[in-house]
Each structure stands twice: as C-alpha cells, then as structure tokens.
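Presented sequentially are two complexes of chain A, the first with chain B as partner and the second with chain C.
Right after this comes the complex of A and B.
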C-alpha cells in the first residue's frame, strides 16, 4: 500500500512540475494573493467565482488551479495580522498575539520572515507526513465521531482561554459571549429562531467578517488615533525598523523542536474533519506557551508565538484534504467550494478517487505545496515595502482603514446592516482593549460555536438513543485528559512561581 | 466618566445582555435552548463575579480629558461614515467620508484628500462593482432618486 501511495505521489509531483501544468497553480496562487488584499473578497469568494470559468476545462488543470487558489490567500491573512493587528483569516488570529507586538517594536521584517519560513516548512512537513500516513488515514478519520469532535473543539476553546495571560475569568466570559453570538439565528436542529429580536437581518446570524473587521481593524485604528501615536510602529521612519527576514528564518531553526511539534499538531488537527485551522493554530500557540521555560514573554512580541501557529496552520492543509477527498466531508468553506468544483468535473470523493485516481489527489496536494512556497517567497520578497507600511502616518492610515472596513463588511454578504455591525463591534473592541478584555476568544468562539452546537446535539441525541457508548471510546478519554490538563497546568505553574518568589 | 466607572458600566452592560439572552432562551423549545443555557448561565455567573470585583475596587483613575475628546470626535466621525453610507450609498458616501476626514481632521493637503478619495472610488466602482459584480448599496437618496426617475 505504501509503495502504491509513493508511486502516486511521484506521479502527481511529475504532473505538477511539468510544462505548462506548473502555470496553473502559479497563476492561481498569484491571483489569490492579489485578491486577498481586497477588502471582503476572501479566497472562498474567489474560488466560487472561478468555478464557472473552469466548467469546460479538463479535470487536471482544474485540480492544479484550485490547489493554487486554496494556498494563495492564507499567508496574506498573517501579513495583515502582523502589520495591522487585523487577522485576515481565523487561523491568523493566533499569529497577531505576538506578531503585532513585534511589528510595534519595529521587528515586522523578522516576524514576516519567520511566518513565511515557518508556514512553507510547515506545509512541507504536513505533506510528507500525509504521504507516509495515507494508508492509515481512513481508519483515523473514522475514529473521530461527534463526541470526539465536540471534545476537540472544547479543547481548542479551553486552550485559548488558558493562553490569555492572567485573564482567565475575562477570557472565559469573552468565550461565552462569542458562543452566544454564534447562536444568533436558526437553531440547526429545530429551525427555531434564537436571539433575533424580530430582526430579519439577524436570521442568518452574526457574520465573522464584520465582527473581525470591527473588533480589530476599526478598534485598533480608533485606539491609535486616541493614543496620539504617529505611526503603527513605535519607530519613526522606515530607517528605524530593525530585524530582517534572515533573523526570522534563523528563529525557525533555533526553535526546530517547537516547529516540528507545532507542525505535527497542525497535521493531526487537519486530518480531523470539521475542526479547521483556527483550532490548529491556537493549539500550537498554547503548546508553545505551555512548554516554554519563560511563558511570560508570550503576548509581548516573542518570535515563537509567530512560529508555532504559522507552522500548524500550513501543516494542516495537506491533511485537511483527506476527509474531503476520501469521504466528501468538507471541513471548511474553502474545502466545500473545492469539493463542488471537483464534483462538477466528475471527481466524486470516495474510494475511486483515493485508489484509481490517487495521482490526481496528489496533484492537488503538490499544487497546494507549491502554492504555499510561492506565497511565502513572494511574501519575503515584499517584506521591505510591507514592513514600511507600519511607518505610515496614523492620521492617513486610520480613515483609509475605516473606509476599507466598511467596504469589507458590506462586500462579504452585501448587507448594509453588516457595516453598522462592523462599527458597533469597532466600539466594543475599542472599549474591550481599553479595559483589558481579550478579544481573540470572542472571535474564535464565534467561529467554532456552530460546530460545537452541532456536535453537542448529535452526541446527546445518540446518547439518548443508546447508540454510543462513551466508555468504549479511548479518544474521548484522551481529550478529556487534555482539557483537564489545560485547566490544571496554569494553576500548578502559578503556584510554583509563587513558591519560587516566596 | 472615570475609567473605573467606564469599566463597571461595560461589565454591567454585558451582564444585562447575557441575562436577557438567558431569559430569552428559557422561552425556546427543549432542544433549541440546551446550548444557549449551557453557555449563558456560567457566563452570567462569571460576569456577576467580575462586576462584584469591579465594585469592590475603590480605584479612582482619572481619565485623560484630551484623550476622551479625541475618542468622542473619532466616534462621531464613524457615526458620520455609517450615516453617510446609509443615506448616500457606498459609491458616494465612502469617498466623501475619506476626503472630508483627510482634509478636515488629518489636515492633509487637498491633493492627497481628493487623490485618495478618487482611488477608493475606482476600487469600489471599477473592481468591486464592475469587475466582480458586487452590487453596491445605493443609499436612501439613491433609491428615492431611482424611484422618482422610474
């Protein structure tokens, strides 16, 4: 089986790196990177827009192009997170925790360089592990049912609460608020309307895009305007920026153990359907904090806080394709659109695709790999001008960001109410920041809330019907132990630190 | 308002909101109210704990009046942005906001203000509206004008 997989991987590699095939993923990547800078137009929107143009194409160029489109948009989210404290995507919310403080200290080049190398190497690691594990993968996926998924999401949320330095109560409250916001709209099981207060606008729930734009971009710019700071970077002028891409790359090799462990977390989370990159990034960040000898440095501009989530986020990409291709279970919006594109070209997920058409699966994986490297290399090439953006005057940047936030909030679902929502969240985000309330748990909880509720519903229904025996599921026990560890370890550490001080 | 009062007001506001959510969840069916109650009740308990902590803290921190003035003015501009978009639509409201903000609040030269407003209009109309087919919001005046013309 391994020999067959290796042969398919080799064949797939040859198909991607041949002329003119290589042009498709390259074009897809560059297009996705360009569009990622347009407010409100996500990689998913671009993929959906691309489907009609590829209807007459053969399956191979479609797979090549979509591999590039999936990989191209992700890294740009990390760049905006590092430079402007604005997470372009859910997973890049973990990168901003240390990436933005680094940019504020004038080390934007180091942070972007580290993010680029970490994500490119992470994607390589994920793909190599994937090739080795493809034969075991199907068994691993089937081991994850609704109770395991539920606990995995709870583990993700508990990690986010724990890593919020010294603010466990407030982080728990923010998580609760995020989950409540995720419940606005239709109940997935009964269709009952919840917390809509008679408003038709709220029937579809609270959008993630207006919330993120408000809580981060708008709030950050209001805060910068109020603080009277001249530029985002506390340094005046591009000449004062320190650090380099080489420093960022060196940081990856200096912390190679952490890189491998983070990439492994990303790969494992990627294989589990319906969990996604946000959990992978935060689990890796949490792991970096919990295993560090000096955890107090995180959140203040520690390069390991950029390295770990970036490695996990890109390492998960290869693994995330397996549930889609093997079982037709998309774990995210992007993989759902990808599945639709494949189905339209007669590539139905399942046994046939994972056996007879396995080379085509590897074409997708290798084009994703190529896309991740191209994105990182272009990111590194642009690091100088991008880092200089942090030295632009706040009084010019702020109104521009307010305008783009309005465009982004509207363009996502083309509802004027989302613009109002974005600026409402902007005010909330500003006051949260001013009074020391963490904003990340709120966003992540909104992102994971729907999955959490769906799996809670299914698990409790199956339990009521006597269809599952929780005591016979070892992964459930493992995850419960990890959640318990998450809750206990910080207290033990704090106690030990107090004893040492005493 | 002092910072301590602002903090109390923020926490109290959130407590009221979550209490309302919990109360509203009790009116739902048994399946639909499970998750809201599982989340709302512990969140409410934590909020009450946090509010009690704030009330016990007798810290008096003076807010910087200059910062408060900038805060108020910035939020007034943002209110203007939302009102402008609602009234004039995206294509007119947003470039107008940007140009006006850059000229009057940021004290940028006319060339910068008009140039950037024009760039935003080109992105809105040329890229989003025309190329990507994203239908921009017309605004109240735009819809009234459209109805009057037809």
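Right after this comes the complex of A and C.
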C-alpha cells in the first residue's frame, strides 16, 4: 500500500512539475493573490467564479488550477493581519496577536518573513504527513466521533482561557459571553429559533468575520487614532524600520521544536472533520504560550506568536484534504468549493478517488504545495514596500482600514447588517482593550460554540441510548488528560514561582 | 440564488448561467443571497418585480417542509412563483453502516419490535427528518433521532462507525458511500427505482402499487391501497426537486418566452455534456404539475411529524 502511495505521489509530482502543466497552478496562485488585494472579493468567490470557465476542461488542468487557487487564496490574510491588525481570513486572526505588535515596533519585515517561511515549511510538513497517512485515512477519520470532537473543542477552549495569564476570571467571562453569542440563531438540533427577535438576519447566528474585524481591526484603529500616534510603526520614514526577512526565517530554525509541534497540531486539526483552520491557528498559538518559559512576552510582539499559528495554519491544508478526499467533508469554504468543482468533473470523493485516481489526488496536493511556496516567496519579495506601509500616517491608514473592515464584513455574506455588526463589535472591542478584557476567548468561544453544542448533545444522546462504549475510545482518555494538564499546570507553575520568590 | 457561492444549488446555477445567457441573449448575474436555510433567497425571489429580470432556483421539499413546521417566513412554492422548469430531482434512500447487523429493511422492521432504532439527522425540521418520521409511521417502526450532526457526511460517518443504526439522505449525495461499500442501502423512498446503479439492485422501493409500504401493510392485515397511496404522496413531496422560477404574476408573454428558453437549455445536449451529474430535468408544464402535486400531498405528512416532534420535546 505504501509503495502504491509513493508511486502515485511520484507520478503526481511529475504531472505538476512538467511543462506546460506547471503554468496552471502558477496562474491560479497569482490570480488568487491578486484578487486577495481587492477588498470584497474573497478567494472563495473567485473559486466559485472559476467553475463555469473550467467546465469544458479536462480533469487534470482543473485540479492543477484549483490547487493553486486554494493555496493562493489565504495569502493576504496574514500580511494584512501583521500590518494593519486586519485578519483577512479567520485563521490569520491568531497571527495578528503578536504580528501587529511587531509591526508597531518597526519589525514588520521580520514578522512577514517569519510568517512566509513558517507557513511554507508548515505546508510541506502537512503534505509529508498526508502522504504517510493516505493508507490509513479512513481509520484516522472514523477515530474522531462526537465524544472525541467534544473533548477536542473543550481542550481548545481551556487552552485559550489558560493562556490569558492573570486574566483567567475575565477570560472565563469572555468565553461564557462568546458561547452565549454562539447560541443566537437556528438551534442545530431542533431547528427552533433562539434570540433572533423575529429577524431573518440573526437566523444564521453572529458572523465570525464581522466580529473579528470589529473586535480587532476597528477597535485597534480607534485606539490608534485616539492615541495621537502618527504612524503604526511609531516611526516616520522607512529608514527607521528594523528587522529583516532573514531574521524572520532564522526565528523558525531557532524555535524548530515549536515549529514541528505547531505543524503537528495543524495537521491533526485538519484531519478532524468539520474543524477549520482558525481552530488550528489558535490552538498552536495557545500551545506556544503554554510551553514558553517566558509566556508574559506573548501579545507584545513575540516572533514565536507569529511562527506557531502560521505553521499550524498551512500544515492544516494537507491534513484538511483527508476528510474532503476520503469522505467529501469539507473543513472550510475553500475546500467546499473545491469539492464542488471536482464533483462536476466526475471526481467524487471516496474510495475510487483514493485508489484508482490517487495520482490525480497527488496532483492536487503538489499544486497546493507549489502554491504555498510561491505565495510565501512573493510575500518575501514584496516585504520591503509592504513594511513601508506601516510608516503611513494614521490619518491615512485609519480611514482605509475602516473601509476595508466595512467591505470585508459585507463581502463575507453580502449583508449590510454585518457592517453594522462589525462596527458594534468595534465599539465593544475598544472598550475591552481599554479596560483589560481579553478579546481572544470571545472570538474562539463564538467559533467553537456551535460545534461544542452539537457534539455535547450528540454525545449525551448517544450515551443515553447506550451507544457509546468508552472502553473502545482511547482518544477520549488522551484528550481528558490534556484538558486536566491545562487546568493543573498553571497552578503548579504559579506555586513554583511563589516558592522561588520566597 | 438562495445559497452561498459554491454551496447548495450554486453549482447548478453556474452550469446553467452560460447556456441560458446565450439562449436568451441576455447577461445573467448570479446574486448569492444565502441565509435561513434558503428562506432569505426564496423570499427575495418571491418579492422581486415580476418583469422577467429576476429568476431563481428553489428546493421544493425544503419550502414545503418549512411551512409544515409552521415557518411563517416560507413562501408558498405554488402561489408565490412562476415555475419555469425543473433542473434536478433527488430521492431519499435509507442507509446503514456496512458492518451493521441490520442488513435489509426487513431486518430493520424486525429489530424495531425489540428496541427503537437510532437515526442520525442534521436537525429536527429538515426534509430528511420529516421523510423518516413519515416512512417510520407507515411501516410502524419506532425511531429515536439523534440530531445536531453538522452535515450529511458527519451523520453518515456516525452510521459507518456504528454509533447510529440509520441515515436517510438524497441518493445523489450519499450514493458514492453505497458504491464504496461504506454504507448499505436499505430502502428507496420513491415510487420507482431511483437510478440504474447496481447498488440499488435488490433495494426495495417504498411507494408504488406493489411497493414495500403496500406489501408491509398487507402482511399486517391493514389497508394496502391507502398505505401505498400515502407512500406515493411522501415520495412526491420529497422528490419535489429543484426548480427554476420567476416571481408570481409574470406577464404571460414573458413567462412563455422564459419557459421556452429554459426548456431548450434543460433539454440541451450541452448541459448534459457539461456535468457527469444525473439531472432529472422537466419543462415548465410538467414541473408545475409536480410541484402542485407535492404541495397537495404535503399536509398528509403532518400527523406523523407532529407525533415525532411531541415525542422529541417530551
């Protein structure tokens, strides 16, 4: 089986890196990157638009092109997160936590360099794991049932609360608030409406994108405008900027252990069906903070806070193809459109795709791989002019970011109500920042709330019906141990710190 | 388009877009208005000016079930729209995990005498949920629902894992799992065989004069004719299909012109060549008749639905 897989991987590699085939993923990547610069057109929209153009194509160029589109679509998210505190996509919200403070200190080049290098290496890691996993795909997915998913999400929430050191009470309150907001809309079990106040707008709940844009981008720009600072980087003129791409790349090797663990977290989260890249990034960030000897440095511009989420996010891409290709469960909007495109060309996910058409699967994997490296390379090439953007006057940048946030909030689902929501969260975010309330738990709780509710219900219902045999589920025990560690380790550390002081 | 780009019926609209644009000599812009399970888009289409400039795609079973569930926002598929043609139609199939001991529908019926069967659904109030409650009532099967699965595939994984006994989804969405041998088909919720696929060779059909429902009723000494008719009604509602519509009140001349153009496109060889998916298309007249029939049959599902909901809430 492994030999068969390696042979298919080799064949796929040959198909991607041959003339003129390589033009398709390159064109797809560059197109997706260019479009990502235009506010209001997301990578997912671009992919949907590309479907009718590729209808008459053979499957091979379609797969090559869409691999490029998927890889290129995520590019600008991290860059705008670092430069302007605007998360272009969900997963890049974790990058801004330390990326933006680095830009404020004039180290935008280092942050972008690190993000580019860490994500490209992360994607390579994810793909290598994917190749090794191909023969075990079905078993890997079936191992994660409702109880495992439930505990994975609880672990995620506990990680996020614990990393906001010294603010555990406030973080818990913010988490509770986020979970409460996640209840708005359609009850996923009974279909009944909750807290919608008779409005169709609230049927599908509170959108993550307007919330993040408000809490981070809008709030930050209000804060910046009020602070009276002239530029984001606190510096006038590009000459004063420090840091370099090489520093950023070096940081990945200086923290190689953290990189590997983050990439591993990303890959595993990718494989679990229905859990997206945003969870992967935040979990890796949480892991970085937890395992650091000096966790207090995070959130103030620590390069490890950029490295970990970026590695996890791109490593996830490889793992995320597992549920899509083996069972047709997309973990993100981008993979959902990808699946639609594949289906139209008769490439239905499942056994056949994973056996007879395995070389074509590897074509997808390798063009995604190529695309991830190309985006990172282009990102590094543009780092000079991009970093200079942080020396723009606040009075120029702030209105620009407000516009981007408004357009981004609207573009997500084309609803004007989301723009209002984003600015509402902007006001809330500014208040939270001013008064020392952590904002991440709120976002992560909203993100995980629906899944938590679903899996809590399914698990308890299955248990009630006698269909869950805990002795046959070793992963459950592993996850319980991880959660227990989350709750115990901070206390042990705090006590040790007190003893040392004493 | 009542779904987001890439989701639901969006792909189908993008298949039709270039063909219909060429046939009509018009520009067609796809406006995705997702939300509220398609109701936002359906209401937008129903409320648009009936001048032929606004067309839309609707899922008939979803709308009918929404109004059965008492959803006042759901427009009536019969009175609120002008039906221009049917794009596709799909039928529910009951399935179970490949390693489940319940290998036939007979085994399911027999097991139900001993214990309730466990069925995975996405949410109470979905078309699939209503389909299962109605079928179970016809066959006298006791079903317990586990809701909250995030999508068809997650529910199917639960069946493959053996967490639940049953799933019931459209054949077009889970047919590949049958072919791969991950799931086993048990029952076709239709009036005749759904598709030529070999996996359906020995799978009973619920409706029809000598369908599974009628035979089952006869074996229990109940009215086979009435049960068979009820089964046909259920199949008609669930197979209501995806239709292309304009708002109601379209001027007759515009309506004819659009219906002709849509009919030509739906029957064209080009449409068939552009996808490997099986589309069960129908011109305006036939599609309209099917929608009317489905709407007339829908209220008959209410008693079983109410009983199931009452039991879930208790």
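What we mean here is this: the second predicted complex is superposed on the first by the 500 of 502 C-alpha atoms of A that agree within 3 Å, B and C clash if a C-alpha of one lies under 4 Å from a C-alpha of the other, contacts with A are read in each partner's own complex, and residues count from 1 in each chain.
Here, a contact is a pair of C-beta atoms (placed from the backbone, for glycine too) under 8 Å apart; a residue touches a chain by one contact, two chains touch by 3 or more.
On a predicted model such as this, the values are computed, not experimentally measured, just so you know.
Student: With the two structures overlaid on chain A, would chain B and chain C clash, or do they fit side by side?
Tutor: Once both complexes are aligned on chain A, chain B and chain C fit side by side.
Student: Regarding the shared-chain residue A:230, is it in contact with chain B (first), chain C (second), both, or neither?
Tutor: Neither partner.
Student: Thinking of the overlay built on chain A, is A:349 touched by chain B (first), by chain C (second), by both, or by neither?
Tutor: A:349 contacts chain C only, not chain B.
Student: Check the residue A:414 against both partner chains and state whether it touches chain B (first), chain C (second), both, or neither.
Tutor: So A:414 meets both chain B and chain C here.
Student: Pick one for A:22: touches chain B only (first), chain C only (second), both, or neither.
Tutor: neither
Student: What is the contact status of A:457 with respect to chain B (first) and chain C (second): first, second, both, or neither?
Tutor: After superposing on A, A:457 lies in contact with both chain B and chain C.
Student: What is the contact status of A:189 with respect to chain B (first) and chain C (second): first, second, both, or neither?
Tutor: Both partners, chain B and chain C.
Student: Which partner does A:482 reach: the first (chain B), the second (chain C), both, or neither?
Tutor: Neither chain B nor chain C is touched by A:482.
Student: Please work out how little space separates the C-alpha atoms of chain B and chain C at their nearest point after superposition, in whole Å.
Tutor: 6
Student: Quick check on my understanding: which residues of chain A belong to both its chain B contact set and its chain C contact set?
Tutor: Chain A residues touching both partners: 49, 187, 189-190, 192, 414, 453, 457.
Student: Which bits of chain A are touching chain B when the two form their complex?
Tutor: 38, 41, 49, 169-170, 172-173, 176-177, 179-180, 183, 187, 189-190, 192, 194-195, 218, 222, 225-228, 395-396, 398-400, 402-403, 406-407, 410-411, 414, 416, 419-420, 423, 426-427, 430-432, 434-435, 437, 452-453, 456-457, 460
Student: Where on chain B is chain A touching in the complex?
Tutor: That would be residues 3, 6-7, 10, 14, 18, 21, 24-25, 28-29, 31-32, 34-36, 38-40, 42-43, 46-47, 49-50, 67, 70-71, 74-75, 77-79, 81-82, 85-86, 90, 94, 97-98, 101-102, 105-108, 112, 116, 120, 123-124, 127-128, 132, 134-137 of chain B.
Student: Of all residues in chain C, which touch chain A in the complex?
Tutor: 4-7, 10-11, 14-15, 17-18, 31-37, 39-40, 43, 69, 73, 118, 122-126, 144, 146-151, 153-154, 156-158, 160-164, 176-177, 179-182, 274-277, 312-313
Student: Considering the complex alone, what residue numbers of chain A touch chain C?
Tutor: 44-45, 47-49, 51-52, 55-56, 141-142, 145-146, 186-192, 200-201, 203-204, 273-274, 323, 327-329, 333, 336-337, 340, 343-346, 348-352, 413-415, 450-451, 453-455, 457-458, 461-462, 465, 467-468
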